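Next come the structures, one after another.
In the two complexes that follow, subunit A is the common piece, with subunit B as its partner first and subunit C second.
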Partner chain A sequence: MAIPKEIYKVFESIVGPKYVSDDPVICEAYRSGPGGYEDGLGYERVMTTIPGAVIMPKTTQEVQRIVKVCYRKDIPYVPYSTGFYGPRSHPHVEDALLIDLKRMNDFILDEKHFYVEVGPGMVYSPIQEECMKHGAYVVIGGGGAQASAIANLIGDGWSPLSHRIGLPHRRILGTEVVMPDGELLKTGSLATGEDPFWGEGPGPDLRGLLRGYTGLRGCLGIVTRMAIKTLPFQPERLEPTGISPNTALALPENRIKWINFTVPSKEAQVQAMKEIGHAEIGGAVTKVPLFWRAIAKAECKEEFWDIWGKETPESIANFFIVRVLLIGFTSEEQMAYDEKVLMDIMEPLGGVARRTKPSDESWIKNADSAGMWLMCGGYVSVDYVIETLSQSTEHGSSYAELKKKYTPPLMPDYGDPGWFQSFELGHQGYSEFLIYWDPDDDTHPVDQFYVDTSKMNIKNRYYTSLLGPHQPLYLTGPKYGPNYHEFLLKVKDEFDPKWMSHPPVPLAHDVFVERSPWMHPMKDWESPGDLPK
Partner chain B sequence: MAQQPNIRYYKPKEEFSLDIRDIESFVYDMSRCIKCKGCTWVDHTYMPGAKFMTRCPSATLYEYDAYGAYGKLRIAHGMVEGKVDWNETALEIVYACTLCGACDVGCKRNLDLEIELTLEALRVKAVRDGVGPMPAHKKIAENIQKQHNMYGSPHDKRSAWVPQDAPPADKADLLYFAGCAASYVNQEIAQSTARIFKAAGTPYMLMPDEWCCGNTVFSVGMFDEAKAMAERNIEEVRKTGAKTLVTSCAEGYRMWKVDYPKLLNMATEDLGFEVLHLVEFVDEKVKNGALTLTKPLDTRLTYHDACSLSRLSEPWTPYTGKRGWMGCVEPRLKRRRGANGVYAQPREILQEIPGVDLIEMPRTRENAYCCGAGRGTKEAFPELAQFSANHRLEEVKEIGAETLVSACPFCKNNFNQAVRDNGDPVQVMDISEVICASIEA
Partner chain C sequence: MDVKSKLSGVVGAEHFSEDPNQLQAYATDFSYTAPGAPAYVVKPATSEEVSQIVNICNENRIPVVPCSSKVHFFGASIAKEGGVVLDMSRMDHIFEIDPENRRVRFEAGVSWETMTRALEKEGFRVIMPLTPPAQRSVLTDFMEREEPTNQVYDYGEPLQAMEVVWPTGEIFRMGSASVNGYPESMAKGGNPSGPGLDFYRFFQCAQGTMGVVTWTNLKIESIPKKDKVLFAPIHDLNYAVDFLYRILPRRIGQEVLLLNNVDLAAILAEDWPGDFEKFKASLPPWTLILVVSGLLRRPEEKIAYEMNFLTQVLKNEFQDLTLGENLPGFPGLRNQILPILRRPWPADKPHWRTRVKGASQSLFFHTRPQLAGQFVDLVQAVAYEHGYPVSDMGMYIQPIEHNRACRPEFTLFYDPKDPEETAAVRDLYCDLAKTCLSEGAVFTRPYGDLAPIVYEKAASYVAHLKRLKKVFDPNNIMNPGNLCF
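Right after this comes the complex of A and B.
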């Protein structure tokens, strides 16, 4: 049943006829697939559909009115900021209302109190540019410079710059949330006034419910406004150079530079990260997947495969790199001092500084996530964990081992253990594992690998993000708490008793497994018989 | 569990070509769009801030995802798969687009997909399915058929612009193709161009019987009609023996250099003559000393990159090959990414002029925001053309420029109309006029 006409007219009266449409062509454009994050995989094919209508509010009040109508009239809805996050941010049920938030792109910079205030339609790169103009900076999350800052911060929100800036839930300040019944929730100092400078409280800090570890994709409400903490940056301009596709920020090396070191072993890699964090130097310390170097060198996907195809398990196993970003936050002298400290750390570890371009192609202003699809066409960061530095490196290796079983269709990567780095000056280690495949191959093994990683994480006791609603909740929840699933479902029932906000999240992956015959052999956990069909 | 096949990564290679007559040629590209919206945002490295964030006029004005390339590709894919059909909205989405190429260079930075060709193919499909083009486009096609120009003006007046002080030669190595706009509406551009040739000591000739280049007809998807015009015009130029064809119109330049070869499945280098825009000609003459720009022009000036001279102007080479595992193609495809467009020459010319204070807008070169006039947009969707011009003029005002210069009559006219409507204190000039003003005694 399509959205009834009388309700459609109510939507028109809220936003104006121009900003709501149930035209099938307009709705088709909001299809999740066939390309993109997880697109082409079973989850996208089985779980997503086009919306019954699309609406584009401009204000929080309009969002409230829309949601209240949906709640009253049993219209399922899905909040949507940029649509980049693939199937999980698209409708999962027929005739849902997609609430496209791109018009809510307000931006305020409070220079005095070091924060910016944004709407869900505002993406990262303009925020970073405005911040840098005023001596500040933020993390552009690994999701990319094109990601909605709000969506990214309530989902993931980290990058190599998190070595110094830290984790996203500490950067979310005053926030405004339209709850599933349309009521407005204000957190932090917004709860008592109009100044969003403070993030916690009142009472229990609701940011934990809002984002958990990696977010709930709008199933507990819609964030319509958020203040984001910024931090002081160095003052010199980073000048954009080059012409597309080869553009970069030229770095004034007296204040900011990347240095790539090769080191003799994985142990030296980890030790270097620990000591750099201990010395409290650097803006980023990271080891990226080795095929990223091939991406950077290649002029096209065919050349990537020429370059990458020359690698072997031995060449990958014996190549260790540590990439360090030095920033002279306070002065050139501080920069020079930090560089000396860095060299003092690296030399005894056998670190050799390689020639490194005085430019930044990715991370400071342009987390280049979109380029990840270039080589294969199919890509997912299947897991990311925040552990200790030593534990996080083991995480990548265990993934590389499991991946062998699913290669092909996964891309040959010769055992590369993925991406790991320091967070919060070495207090935490971060590990992210990325997988790639040709979407024209049989992708069922990719779906299976995804769930198999959860089982591996449970077995290895990784405190991992994706042991949550991004996996079957009844597989991961009992191991993650042990009543994480019950707690989350009670919160969902309390906030959204009619399950109108992005159903059937957070049970979507459970439903996917039930609906997909090729997943049934993997199901060795208990789940209730009354899952949403 | 996953099974280990006997042959790793085997995938049959499929033949394909960059043929805009068949929308299925671009199913691969449609199916690999990831909604990063690099087609809509300014290159993030160059992102100027919270103002002027986008480079796609259509997505900026209409806002629904359907109007961005990511939406159009999904709609086109849905059509190929039979999930959606043409309706009035689909037609508007396909044609309310300037085909300015901003999306194409954006995507080439990230994914190397053929967005511009897909959008062109979608328009060819619209025409072949009997739903396109728009009524205003059909009127232009009718005008061209009757009078060989897009305005329906008398064909026998086409050369009325020729200045007495700089007449064409009967025979010359250089042929000036004025185009419809400079022949009828912007005669000052054609006249300035002729005087520049004279000042450079370079005789020029005209086509014995110049007809429309067919820009609008091609751009709206009337492939067969455009192809016939390409065949006729190329043959006429070949008959003259010209070695170089110069245009002062960016749209015409793109037609001759890129789209005629595309229509005729040939390489640009096989045309038999070189195609230059006036700024390329002048740049060379200034550099070799044949032309000096000495008369001061005291103004704070900014240059607007016309899409067809900049990111859309790389030469065409036909391609047929095979696509295999991971989408890799063989033989190697040299993709057109807009990196080799005509960006530097107009700026270098303008900087040669005494008194000119050349300043850049926040969005320049491959990130430039289209004026909104070209490729059939202004005729069928005047509100989009007006919006785009006004949006671009906001940048002009932001940097405090007094003079806005472009290298295409379509840009000039659209900006001029917006300036007149708004009462903006901005002088709009074509670069030919600026050059001419600096060489005339």
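Right after this comes the complex of A and C.
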């Protein structure tokens, strides 16, 4: 049943006829894919559909009114900002209302108190540009600078710059959330006033509802306003250079520079990260997987394959780079101090500083999504985990082993054991495992690999991002916490008893497995019989 | 079997008490909160025992008051509705110190004294709030978000993954400690977030109302190799705040704080009350304390670049600020202050907060640093109206997160044996809270009288908080009578 006309009229009265549409052409434009994250996989094919209508509110009050109508009239809805997260951000049920938040793009910068206040339609690129003009910076996640800052902060929110800046959860300040029933929740300093500068409380911190380690994909309400903490940067201008798409930021090397070190072994690589963290220097410290270099060098898909095809298990196994970003937060003298300490650390480890371009093509400016996605036509980061360097430096090897079983259709990676890096000055470690495939191949094994990685994590007792809506909740739930799924579902039932906010998330991956015959042989866990079919 | 027998059966008779004399020890603290004795005190030794106790209490609708410290200033662990005090003092193990990941995992009953000594042996420290009492629980202070005096680390919050017992009795590990079989696992507990939701947030500033935190992981830092302690006498608070706006975003210093003459005198005084009165009279109105430290590598050079930066800023922009290794009139203070900032307040010495007049009530909140001076004026004006001698009020300003925020704290000293004085301070405290709240002060830890004042202005937050509480604590057994529950 389509969205009834009388309700459609109500939506028109809320936002004006210009900003709501059930035109099939418009709705088709909101179909998941092509070319995006997780594009073409079973989850997208089985679980996503086009919306019944699209609405574009401008204010929190409009969002509240829309959601209240949806709740009263049993119309499922999906919040949507920039849609980076592919199928997970799109409607999973027929005739849902897609609430496109792009018009909510207000942006206030408080340079003295290091935060920006934004709406969900505000993307990272101008935020970073304005921040850097005023002596601050933010982390732009792998999703790229055109991702919504709010969506990224409540979903993921990290990059190599997290070596110093740390967990995204801590950068969420005063926040406004339209809860699934349309009621407005204000957290942090917004709970008792209009100034958004502070994040916590009062009392038990309801920011806990916004996300877990990773996000909830809009199943517990819509964030309509958020103050995001920025961090003090160095004062000199990073000049944009190049012609699109080959752009970069020229770095003033007296205050900021990347240095790539080759080191003789993985042990040296890991030790370098630990020592740099202990010494409390640097703005980023990361391993560089070899295929990143292939991506960076390639101008097109064919060239990528030419470069990458020359690699072998031996070349992968003997490639160890530690990439370090030095930032002169205090002064040029501090920059020189950090560099001396860095050399003190790297020399005994056999690290050799290689000539490194005095520019940033990725992490400071715009992250790396465009380059990452298109090498094979299909891409997903199958896991991305913040834990300790103890876990992160071992995590990828397990994936690499498991991946052999699924290659092809996955891109041959010659045993590449993934990417790891330091977070929070070495208190934490990060690991990420990227997979590529050709969408023209049979992609069922990709779907299976995704679930199999979850089982691998459970078996090997790894922490993982593959929790909540990202995997079958009844697979992971009993094994983490234990039984975190029961508590998550209780909270969902309390605040969204009618399950109107992006149904059937957080059970969507459970439903996907039920609906997909090629997944059935993998299902060796218990789940309730009343899952939506 | 009756409840008493069940509880006693869980912990053993020697760790169960209904002796009125023993119960009285839990009935009061250093706040003016009305006394409230529990019916029983139980002292569990393990998470499993905590789980069983909470389960028994939940089944029988009996309030549970978790209590991890021996020193309390806010009345949060006084039983408001009777029930069982869950004394966590036997859960005092430091499970592991992990130098590789700079992490310590420890139980709720571990005190500051135990923690600092254990870490010191390994060359580590926890960044700590100002003068935590030696017997106070480290875990409680971080759960309640005491602000450390060290604000140079961008990550801000040192808490990592932890374990809780829900009000319905289930043991639950959060963050990366949630993996099956932890701690015998690849995951070490470095990430507090998840699984599913950031459950750990619900326990912060919760005063034990959301469940019982049994152990946690916490970041630790290396002890600096060298330190230079700097002081500046401050006569113009706004000028000092401007200076902090200039230097702290440049990541200068480790510990940094501003204390007025009353607080600093109370902290420094050895001979009592002679020293206190003398110091109070001779200290400047405010003192800025800034510790510049050299870390593991090239410590002298680190101190040098920070000092060179400071020298330039002082010379070019803040000529009226005198920052040096000595505070005029207080020779040797630099040697005295560092242990005060890096060690807990000794157990055998009355805490400075209680030493002045026997008790104190502190009002603290978050604000923008540029408003700190206005709040000082406002608080002093209200205190004057109430007849409280402004010259006796302790004041402490903690810059936070590179000085993008700060936490002013106003301490009202009073004689707890004098009912009139106690009542007057209570009146003043409530009036101050209302006045500051109306001017934009942000209260994140609403204890006692503060709770209804703050929550009255946070209707939507309270409504959602109560719904969340109902999910996890359907019978409202966890520390009822606090916050909005």
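The rule is simple: the second predicted complex is superposed on the first by the 532 of 533 C-alpha atoms of A that agree within 3 Å, B and C clash if a C-alpha of one lies under 4 Å from a C-alpha of the other, contacts with A are read in each partner's own complex, and residues count from 1 in each chain.
Here is the rule we go by: a contact is a pair of C-beta atoms (placed from the backbone, for glycine too) under 8 Å apart; a residue touches a chain by one contact, two chains touch by 3 or more.
Predicted model only: the values in this text are computed from it and were never measured.
Enquirer: Mind working out whether A:52 is in touch with subunit B, subunit C, both or neither, as first, second, both or neither?
Expert: In the superposed model, A:52 contacts neither subunit B nor subunit C.
Enquirer: Who does A:408 touch here: subunit B (first), subunit C (second), both, or neither?
Expert: Touch status of A:408: first partner only.
Enquirer: Touching A:212, do we find subunit B (first), subunit C (second), both, or neither?
Expert: A:212 contacts subunit C only, not subunit B.
Enquirer: On the A-aligned overlay, A:115 touches which partner chain: subunit B = first, subunit C = second, or both, or neither?
Expert: second
Enquirer: Tell me the contact category for A:84 with respect to subunit B and subunit C: first, second, both or neither.
Expert: first
Enquirer: Could you tell me if A:31 is touching subunit B, subunit C, both of them or neither one (first, second, both, neither)?
Expert: The answer is first: A:31 touches subunit B but not subunit C.
Enquirer: Tell me which partner A:179 touches in the superposition: subunit B (first), subunit C (second), both or neither.
Expert: Only subunit C is touched by A:179; subunit B is not.
Enquirer: Identify the partner contact of A:462: answer first if only subunit B is touched, second if only subunit C is, both if each is, neither if none is.
Expert: A:462 sits against subunit C, while subunit B stays out of touch.
Enquirer: Show me the residue ranges of subunit B that touch subunit A in the complex, using the header's touch definition.
Expert: Interface residues on subunit B, with respect to subunit A: 1-3, 5, 8-9, 11, 30-38, 41, 43-50, 53, 63-66, 70-72, 74-75, 77-78, 83-84, 87, 89-90, 93, 105-106, 108-112, 325-330, 332-333, 335, 337-339, 343, 365-367.
Enquirer: Any idea which subunit A residues touch subunit B in the complex?
Expert: Subunit A residues touching subunit B: 19, 21, 23-26, 28-31, 34-37, 39-40, 54, 56, 82-84, 100, 102-103, 107, 122-130, 133, 144-146, 240, 242-249, 300-302, 305, 361, 365-366, 368-371, 373-377, 405-406, 408-409, 411-412, 438-441, 445, 448-449, 521-522.
Enquirer: How about subunit A: which of its residues touch subunit C in the complex?
Expert: So the residues of subunit A touching subunit C come out as 112-115, 135, 164-167, 169-170, 179, 183-189, 191-193, 195, 197-198, 200-214, 216, 229, 231-232, 274, 277-280, 329-331, 333-334, 336-337, 340-341, 344-345, 386-391, 394-395, 424-429, 458, 460-463, 467-468, 476-477, 479-485, 487-488, 490-491, 494-495, 506.
Enquirer: Would you mind writing out the residues of subunit C in touch with subunit A in their complex?
Expert: Touch residues, subunit C against subunit A: 98, 100-103, 145, 153-157, 160, 166, 170, 172-176, 178-182, 184-207, 209-210, 219, 222, 245, 249-252, 295-298, 301-302, 304-306, 308-309, 366, 368, 370, 401-402, 404-405, 437, 440, 442-446, 451, 454-455, 457-458, 460-461, 463-465, 467-472, 483-484.
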